[in-house]
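Pasting the structures here.
Each of the next two complexes has chain A plus one more chain, namely chain B in the first and chain C in the second.
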Partner chain A sequence: MSAGPTATPAAVSAAPAPADDLAREPFAFGDFSWLNGSNRQSKALLDTPIFTGSLLLDVNYSASRNMPIDNTVVGSTVLYRNSELTVAFLGFGGDLHYEHARGRFMTQLGVRSTGVPRNDFSTFHGQYDLQTALRYVSEANGGYHWDLLHGVNLDAGIFMSYVGLFSFANFENWMYMPSYTSDNTPWFFNGVRLQMYLTETLKIEPWIINGWQTYGKFNEMPGFGSQVLFRPADWLSVLSNWYVGWDAQDQPGLFRWHTDTSGTVSYYHNPKTFITRIASSYTIDVGGEQGDGVAFTGSGTEGHCTTANPCAARFVSGMMYHRVWFGDTFAVTVGGGFMSNPSRYLVLPPTGNASPVPQPLSTQGVQYVTASSPYDLNPGTNFNAWDYSFGLQYMPVEQFTFDLEWNHRQADVPYFAGHGGVTSPDGYITTPTPGGWRADLVKSDDRVVAAWLVRF
Partner chain B sequence: MNTPTMKNPFALLRCALVVAGVLSAPSLLAGCGFEGGFNSENLSEGSRCNPFLSHNDCSAGAVCAGASPSTVTIPFCPENYCCSANNGAITSTNPNCQPGCNGGAAAMCAATGDPVTCAFADSGTVPPIDAGAE
Partner chain C sequence: MSPTERCSSCAWTLAAALAASASLPGCSIVDALLPDARTPTTRAQEVVAWCAEFPEDSVARRSLVETVEPAYSYVHAAMLREPRLRGARLRLRPAPGLSREALERGLQCHQARVLLGMAAARDEDPYFLPGVWLDIEADSEGAAFEVAVRATAYADAQEVLQRARRFVARVQ
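Showing the complex of A and B:
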């Protein structure tokens, strides 16, 4: 939602800065609009002295060769419905800035308002239905700006995460459907962040948060993490995140750690040639869970995970994308990645009758019916997957992108929605399922994706 | 934004090539294995099918068999699969078309606890017709 993983102090300060200060604004020395996960727009159209408005519209159509009869997609945070035109995200909001006070909010309407919160198991801890309370908000944070160093901001609330490089706002991304490294890592955090722009090329941003993309908290301890963003030249960006938290129900001795590092390099740029820019991004994530019967490495088997003989619980993934621009209007991208996640603690749980967690809104209405074939997310399970994709983006103006891409995903265990779907024999939630009816999960998914992305 | 003009031959060439690329996208997708995809009809043997449809979505010679409302049943099977059949009797050798439909009996046993189903799930042997009557 914000302009990439940076929200520069100048963008939130109402007082006009002297020319010298503007020159020292972090990351302002170069053009970084080419970066994956950054806004390519050169100016905000809805700008006033105290409020900079923004509107995001994300509409997609995707079709899988599996053609699930319930029109349901499994395993994505950007696609939820198959063979349907889907309003995935409608967000309106913006930045408030007056003197040193700052605030930002962005709504979350569209299918992402049900699809994203459903992955947060912390909302089943206690009462007041945090999923409903917060599902229509993608960003809500505010705080204070100090003119220290090259800018210091302290914000509290829900803010975007850039773990996994891609932006939650698909308008900012090279591809619409990201690889697992981005899809299976957090889009947002709920907590407090301190943005410190130490130099014009370096930001360090520590967080204290409720958990790993959670509205609530699983155990007594909060989560801790930080982002380091280093852009020494206008052709290079290095983004690194780390996280430590206690994110497992009834297992306060189990902690999760995660590292995420991306490098994006523009190694060719010439506005006067047929190909105007070539860039690539490389991301590696390594993490694990430790304690209460799991460890980064372990030989335990499902159902027999003990402290003495723990089961392996780790996340190792990578992704790489290559993009070529033909002027400002067209770009093509090819890329892919992999993930290995024994104990499946970052696997996006399938939905419907394959859902391992309660989902009143996606099974039988408000009357929850236990899933007939819940996906196994227990310690000791295995999950390995890979994907590749290629696509074209048409960007005739700064406010619009048309995206067309092909995506192939593959897993070593049944996971993606097959033709039988995950809902019922005919795909409708109103049709009873026979006792023992199994959701149709398959090992691969080939699909074409088209997306209309508008941003003001 | 670059505007294609005669003064900028690269821009013209870019536009022409990209338009050609977009127009050829269907061929590209077909080449990637999409040919024959996006089809919920003429489903192959052993594929999941929809028993509630007003027509048969299975390929010629196959019927949507399995649980109710299919008229051709697969014993101890909670789902529905396309299976070759002759006069209401399944002739297919596909594992999904056999009694228990490739794990379906175990799923039914776990869900219902029915002793006859569980006995079949354990033994793989279709019990006599009167089994479980006691």
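Showing the complex of A and C:
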């Protein structure tokens, strides 16, 4: 229950209830199971009075037309391996709820445990290897619930961000592989959040966090943000997030801001017809960096970014998806989006020999070598990209989804893994890369994705 | 065509075939992909076969109902633990000799009989919705029973709750 574990529905005794007095808990007045980035399940099977268990299994197979020889995907936080059956995510845990105390934990096993934390450079700030310490935790938070307004919760720990509409749990999404707006925005926050349900239709949730998808902090200041969730009717949901933070190494004067707004509309619903529902989601993100040689608009060029003549550092992106349901069992979705990110501060760094960030992990004692052709993420660089996709989801029961989709991505600079891959001449990390060898990055990627998604 | 290109073509052909076969309406494979296809009538027929020892009207009386409140399930959705309205919870006063099991079976039999036209529904009967099979569960709650009447679809859950509230209102 979003309002908290002890919220009590209004009981009636021998008195007719007003027609609109069906349910008083926040967001319980309508059916929101159709939303993109939400859970379609009507019940939790592993439910007890103090613990509601949860298990998420996410297995995928994807095949790129580029057929990279190192079976590695570049530029996604949902796909990591190519042409292999991959356990992307296994999460188990659940919600604890007893009187006013609340807690939630979920593990993060599978390739996501290496694929998501690698984007966090804050872990190289200081000691104790936060990536290793926290990579197997996707959510770990807890706190207290007050029966104020329509419910107030204060939680601390690691929680999911929901900047970019799509959920970290692919089971909840209309498509498996989202557009850049979601794929390149943070998955998790580490900090404190205050969830305030002001009415049955409105939640406001400020955060104080360590940074933008970071376990640690880059500078002295924490990051600040908030989410507003407004569901005025059961056919409309509006989600808005904003964030400000100081998230660059050795640049305490560089300030990042970001806004993210989504609207999801169900414009047709009739359970008795062949097409039972049609809905669409629209998301627009605008953000930028300011200070220490960069600005939202700027004319500086790479290597010559100064306070007087800053380089452009901004993020402008959008995506939209349209979905048609055929009963509860089948749905098809088509959509796409774009992003423009001069200075590339939200571009997901390529891996392997194109990695611009350290790769501290090793495989059976084989150390990664310093990248021979690190991707340029310096201020003043350019990055523009777009994508489209369509897919089919088969949902025979509430606990299982089979997803099959096709996705095309395109960038104006080489970025995606080409046939030569990003690892070495034969694709293995044990093979030395000869002088002059470069990761094979290309401008486009076409792929088929199949996914098995299980949730209890 | 290189081996890599051939392999790529195979994968794309297989994916296209899978997508096409799964999307053919009316095809028998689609029927097999559908979940439990039992209709409410089929389910009622299954249940009514057990009902010989449960006379109609024994437990579905208005006079047994004390209070009604919404029945929620809580699911984790995105970053919220969201309530999902499932129907109604009815608090029933105990009757001498009535067990939880007998109450649950009696109400299920009532639903099955009404669905099959073997018994008449009461006005605002919360244990029955036309064309829908409801999950009815009885439990002991202190010195009373608590009966949860749940539907899967939100609109049905809403209707069950409204009916239950009007049902109990007519007691007075």
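Quick note on the criterion: the second predicted complex is superposed on the first by the 427 of 456 C-alpha atoms of A that agree within 3 Å, B and C clash if a C-alpha of one lies under 4 Å from a C-alpha of the other, contacts with A are read in each partner's own complex, and residues count from 1 in each chain.
Assume a residue touches a chain if its C-beta (ideal position, glycine included) is under 8 Å from a C-beta of that chain, and two chains touch if they have at least 3 such contacts.
Nothing here was measured: the structure is a model prediction, and the numbers come from that model.
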item	value
Which of chain B and chain C A:273 touches, first, second, both or neither	first
Touched partner set for A:373, first chain B, second chain C, both or neither	first
Which superposed partner A:160 touches (first chain B, second chain C, both, neither)	second
Greater chain A contact set [chain C / chain B]	C
Partner chain in contact with A:355 - chain B first, chain C second, else both or neither	neither
Touching partner for A:63 - first (chain B), second (chain C), both, neither	both
Which of chain B and chain C A:343 touches, first, second, both or neither	neither
Which superposed partner A:436 touches (first chain B, second chain C, both, neither)	first
First (chain B), second (chain C), both or neither touched by A:420	first
Set of chain A residues, in rising order, touched by both chain B and chain C	63, 65, 67, 83, 328-329, 332, 392, 394, 396-397, 404, 406, 419, 448
Touching residues on chain A, where the partner in the complex is chain C	1-3, 9-17, 19, 22-23, 25-28, 30-33, 37-39, 41-44, 47, 52, 54, 63, 65, 67, 83, 94-95, 97, 104, 159-160, 162, 167, 172, 195, 203, 234, 271, 328-329, 332, 392, 394, 396-397, 404, 406, 419, 448, 450
Partner chain B, residues of chain A touching it in the complex	63, 65, 67, 69, 83, 272-274, 326-330, 332, 372-373, 392, 394, 396-398, 404, 406, 418-421, 425-427, 431, 433-438, 440, 446, 448
Residues of chain B defined as touching chain A within the complex	1-2, 10-11, 13-15, 17-18, 21-22, 25, 28-29, 32-34, 37-40, 43, 47-53, 67-68, 78-80, 103-104, 107-112
Residues on chain C engaged by chain A in the complex (per definition of touch)	4, 7-8, 11-12, 15, 18-19, 22-23, 33-35, 66-70, 72-86, 150, 152-155, 158, 161-162, 165-166, 168-169, 171-172
